[in-house]
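Quick heads-up: structures coming right below.
Shared between the two complexes below is chain A, which pairs with chain B and chain C, respectively.
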Partner chain A sequence: MAETAVRRAPTVVTRVKKALAPLPWIGPAVLLIGVVVLWPVVVMVWSSFQRIRRTGIVVGSNGTDNYKKLFDEPDFVAVLWNTVVWVLVVVAITLVLSLFLAQLFNQHFPGRRFARWAMIVPWAASVFMTAVVFKWMLHETHGAINTLMVDLHLMDAGKDWLGRPSTAMPWMMAVAVFVSLPFTTYTLLAGLQTVPGEVYEAAKIDGASTWRTYLSITLPLLKPAILVAVVINLINVFNSFPIIWAMTNGGPGYETATTTVFMYQLKASDIGESAAMSVANFAMIIILVAFFLVVSRNKETDR
Partner chain B sequence: MNRTSAVRPVGPRRVKGNRKVSRRIANTTAIVIALLTVFPLYWMVLSALKPDGEINSVDPRPWTWHPTLDNFRDAFGVSGFGGYFLNSLIVATVVVVLSGLVSFLAAVALTRFDFKFRTTILVMFLVAQMVPVEALTIPLFFLVRDIGTVAPGFGLSTLGSLMLVNLAFSLPFAIWMLRGFVKAIPESLEEAARIDGANRFTILWRILFPLVAPGLAATSVFSFITAWNDFVFAKTFILDTDHQTLPAALMVFFKPDENDWGGIMAASTLMTIPVLIFFVLVQRHLVSGLGGAVKD
Partner chain C sequence: MKRHQMALAATGLSAALLLSACGGSDDKKDDGDKAAPGASGAAGAPKDGTIKLVVADYGSGDGSMQKYWNGVISSFNEKNPGIKVNLQVINWDDIDKQVATMIQNNDMPDLLQTGGYADKVVDDLLYPVDDVMSPATKADFVDSFTPAATVKGKQYGIPFTSSTRQLIYNTDLFTKAGITDPPKTWDELKAAATKLKAAGVATPFGLPLGKEEAQGEFMNWALGNGGGYQTNGKYTVNSAQNVEALNWVNDNLVKGGLTESNPGTKNRKDVYTDFYGGSVGMVNSNPTMIATLKKDYPNLKYATAPIPGKAGPLNETLGVCDWMMAFKKNGHKDQIKAFLDHAFSTDQQIKFQEQYSFPPVTKSVMAKMTTNPANAGLKPYIDLLPKAKFYPLNDVAWDVLSPKIKEQLGSAVSGKSPKDVLDQLQKEAEAAVAQQKS
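What follows is the complex of A and B.
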């Protein structure tokens, strides 16, 4: 009796101790992310239901009027469409090119070191600066790209690429792909190195063709890396702001704006509506990523 | 290179010839791609070195016979440039060190402890990763202002505020990456050490830390880039001139009518150099470091 009592007393203590044990380890991270990242999100959601003066002073509740105003915005559908195209095209092209590049860089050849080094450059330079350099290279009269194309007789005279939405969008997508390639390629390269060499030897003995080997062996083994690369790219490309902001400001008008840029443009006229756009934006990316994760998980269990 | 080809079984001659050709193709392709990737950087440095007349020429050439440091002089001439540079360096360094430490601890907790809210916390970190920074400038401004009334070192117009916010925003990804790393280390290693009488700290410092080091090197790249290249937070929190960071110096050259492209390119070059140096230092660990993120 006494013995069990003695034994039971410490179990309560140890249970509490056990529950609190991870706290000093995880506490700082949870506290920092909670206060600095997630609390502002809560404020953002709250302010999307408020009427806010341009000076930032909250006048009172606005119900769902901010959202109504946002969805009634004549450019809203076009901006939404821009965003869909922007995300899908950039992520898809980035992934395909990176799969190719990772495969290439995983081979042994003399120029490999140089090529791997070069791939780091767009990663190290800030995205904003890269966009500015591209804007400079696309300059109508002093730009490198126009001069090169005229010299090669591809065009008669320099073009104002960024002045028109139909040419500005593809160039900005190219820049977005350009800055997304290094991380994606390196992630896939890391994935390729987890594939054991014996698997390929076995396939070779079986007489499988290179393409066949790639499709049936490499790609499935690369899946965790592809998953990480796609999720991170979806998030980054969707939230991408500096490229469009530096190159066209989302203009003319809102014609080259994605929802993220649109949200920033709205901030100048109506903070409440801008907050509503932020919330809608955040909801979209969460749903997008969740949807992607669920779909890829389902496929996994099918196998 | 010789080592790998020696290990491979010697195939028929045709295959060997094919391999030679394919290697040459790989080599050429890779070098072409490498040149394309480096070109914007080359054009940036070149534009920075060109004299004004050549920058505004309607027929820009991919070289210059009259390199000049005038643009760099202009960049350094931005009053307070040295101070801005130092501020950027201090903020980035502190963020890298603290981010490594905090995310390492969190990664250990998430893989080595079994607790109730683990999944909730993981989801919370993933959601935090998706937060668009530009959307939060106004709430963050008020948060930092309020923090400043309690802890003046982290209030508006302090380097502390930049450290705090950049640190918090760099954490989710760093933790996610390191988690894969810690997970891959067999727990039996730690158990063996525990039986030998090692305490928690010794196990952490002597066993886990060295094994996670490549992962930490890779995460440090991300936190360094986040902090070093940050425009948004610096523009939002820093209201005086003493605590500005480098992007402020760059902004001087953007003008409403026509930008001072030479100055922009020179300041951008100066801003890129430290990041490149940092990458050179950790490049060796980058591939193995990212390996942590892609482990399931």
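What follows is the complex of A and C.
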């Protein structure tokens, strides 16, 4: 022990130098992260404790009043509940559908290349644009979806799908799933391609059924890919603003708003309160992701 | 390998330096521009300097607004060659956010033309109108604007555009349904709407209570019942008259299926578009509809009438006004005065109001426009102006309340009880007032 210490002692300076050596390379990136990511977070938290006028002038500290006002909003709990349902339903459906699609795309079939390319389209198109297109397809009298359903005699007359929360939410969730599918599918597809063929051969020799093979081999080996897909989707879906904003504006009232949309709405009347909502959103997403990572790691050690 | 990495790092580094260098020089140039006129203004030379003019875009993003202001500026410069006007036209949806950013960064305009001014008075950013406008120009404004433009006895808001409301109806659909006269009372309106529905009209009465302008559509109904947002300077959003009005709309029109579906989520734009398309019987309209109908839908037959009230047609209707305001920060009082006196001269004003078909804000333009037969469609709206009732635009609490009304009022026709919605909005109003005082 002592020997090694002695041997290392004179090299402290060298070690610092060595540690700093990559700085010229990573420096710009670190600086960029500091300015573009960390600094706004600091300002956001700071703003949430200030009293800010609509003109943008900061009057002074507001203590925790912005948070009190936020938590006292009569619609706050309902909006929070909307958010929970929105995130859980969209991520769950996206994951299940993507598992199926990834499996499909992993098979050899004629036109596979074309199908894989087509899958990129919802991803490549702007989310806002997709949402606006769906909004018009759902238009009560002229929308393609309503016209089609009336022509097929599924309905007598067009429905104003986005006018009521009970029908608007499912449609917006459908759009959110639609735009989340490509990324999730490709992540899982990449995961599937890392599973070695020999494992399946061994399972076949042991006489395992298709289902059994899927549950005991594919899914466990796919776990890292699923983990990435879920975490990224949680963040994306939680922060998903354009779909709701383009399709219902969060209305009527705040009945189709999630906390992200609510934050934007609050900004029109009280910037400080809106900043408090941003901080709450930020905290929620960090807790959510941390919780998910811890749970999945625990499972790993159990095994 | 190593050399390769070095080259890469060097490229990255120089790129970063180049970027920051560009930013730096830009900043400096801006500062220089701002500093120069400030200095000359302080020296008391009224004729030289640069003023920054920020205006909202009322056009459809077709550059017509830019063209209009460039015209004002170039004719101004013929008389005042020493004063340079830097024009910035900003999209209507973004202007308030961008101006807030300018104020936050202490990069204030000298003149701003947008929807509200009261919040800037509270923060002591504006010149009183008397400081930046000659008495003759000021005296030309239509008098009904003055209360809404005045805070604590001093006028700060300079009316720039205005608008009033009329009932507009599709005369072909009225004939088809066998209706001869436009409705004058709520009961007649309901009867007419019922007849239109029986005649197969998809939307007998268009009721845009969605986010875009719920505060305006609701005020049409409140005024029809002797209500409004304020009584004697105090907010009375949940007054008995207002609750009764909203209940009547909800029980008779909405629940009776006489409006478009889910009116709490529909905006003016949606309803107006359907009116142009011929599927709406009647709707409370603003004067821009007349211009659009004339230009794009010449075949649609329509007429206008005063908005029906509970007992009879409204003679005081909702008036809306957008404002010009002058900022103190850069000390360009004299240059601003010279420019405003020019911009609000009859010749300049009439060009704008006629191009966008807005009722005029000055008496001289009003006299010219009402005698021009080309403006016959606009005349009923102009005639309402001297008696128009405005939102409490001079109260900064209104700026907080207005977005809340826009967001929440639709709930009153989407299942929540109108009284609960108005009670909540009254609470918001009282909280906003309390916050301004603290």
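The rule we apply is simple: the second predicted complex is superposed on the first by the 291 of 303 C-alpha atoms of A that agree within 3 Å, B and C clash if a C-alpha of one lies under 4 Å from a C-alpha of the other, contacts with A are read in each partner's own complex, and residues count from 1 in each chain.
Rule of thumb we're sticking to: contacts are C-beta pairs under 8 Å (C-beta built on N, C-alpha and C of every residue); 3 or more make two chains touch, one makes a residue touch a chain.
Please read these numbers as outputs of a predicted model, since none were measured by experiment.
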item	value
First, second, both or neither for A:Pro28, with chain B first and chain C second	both
Contacts of A:Thr141 with chain B and chain C, given as first, second, both or neither	both
More chain A residues in contact [chain B versus chain C]	B
Chain B versus chain C as contact partner of A:His153, first or second or both or neither	neither
Which superposed partner A:Pro224 touches (first chain B, second chain C, both, neither)	first
Touched partner set for A:Gly111, first chain B, second chain C, both or neither	first
Chain B versus chain C as contact partner of A:Pro74, first or second or both or neither	second
Touched partner set for A:Gly56, first chain B, second chain C, both or neither	both
Doubly contacted residues of chain A, that is, touched by chain B and again by chain C	24-25, 28, 56, 141
Of chain A, residues touching chain C in the complex	24-25, 28, 53-57, 74, 140-141, 160, 162-164, 248-255, 265, 268-270
Chain B residues touching chain A - in the complex, by the definition given at the top	1, 4, 23, 26-27, 29-31, 33-35, 37-38, 40-41, 43-44, 47, 55-60, 62, 102-103, 105-106, 108-110, 113, 115-116, 121, 124-136, 138-140, 142-143, 164-165, 167-169, 171-173, 175, 225, 228-229, 231, 247, 250, 261, 264-265, 268, 271-272, 275-276, 278-279, 283, 286-291, 293-296
List of chain C residues in touch with chain A within their complex	5, 9, 12-13, 16, 99-101, 103-104, 119-120, 122-123, 125, 202, 210-211, 261-262, 264-266, 279, 396, 399-401, 403-404, 407-408, 410-411, 413-416, 424, 428, 432
Touch list for chain A against partner chain B, complex	19, 21-22, 24-26, 28-30, 32-41, 43-44, 47, 56, 101, 104-105, 107-112, 114-115, 117-130, 132-134, 136-137, 139, 141-144, 147, 178, 181, 186-187, 189-191, 193-194, 224-225, 228, 232, 235, 239, 241-242, 260, 263-264, 267, 271, 275, 278, 281-282, 285-286, 289
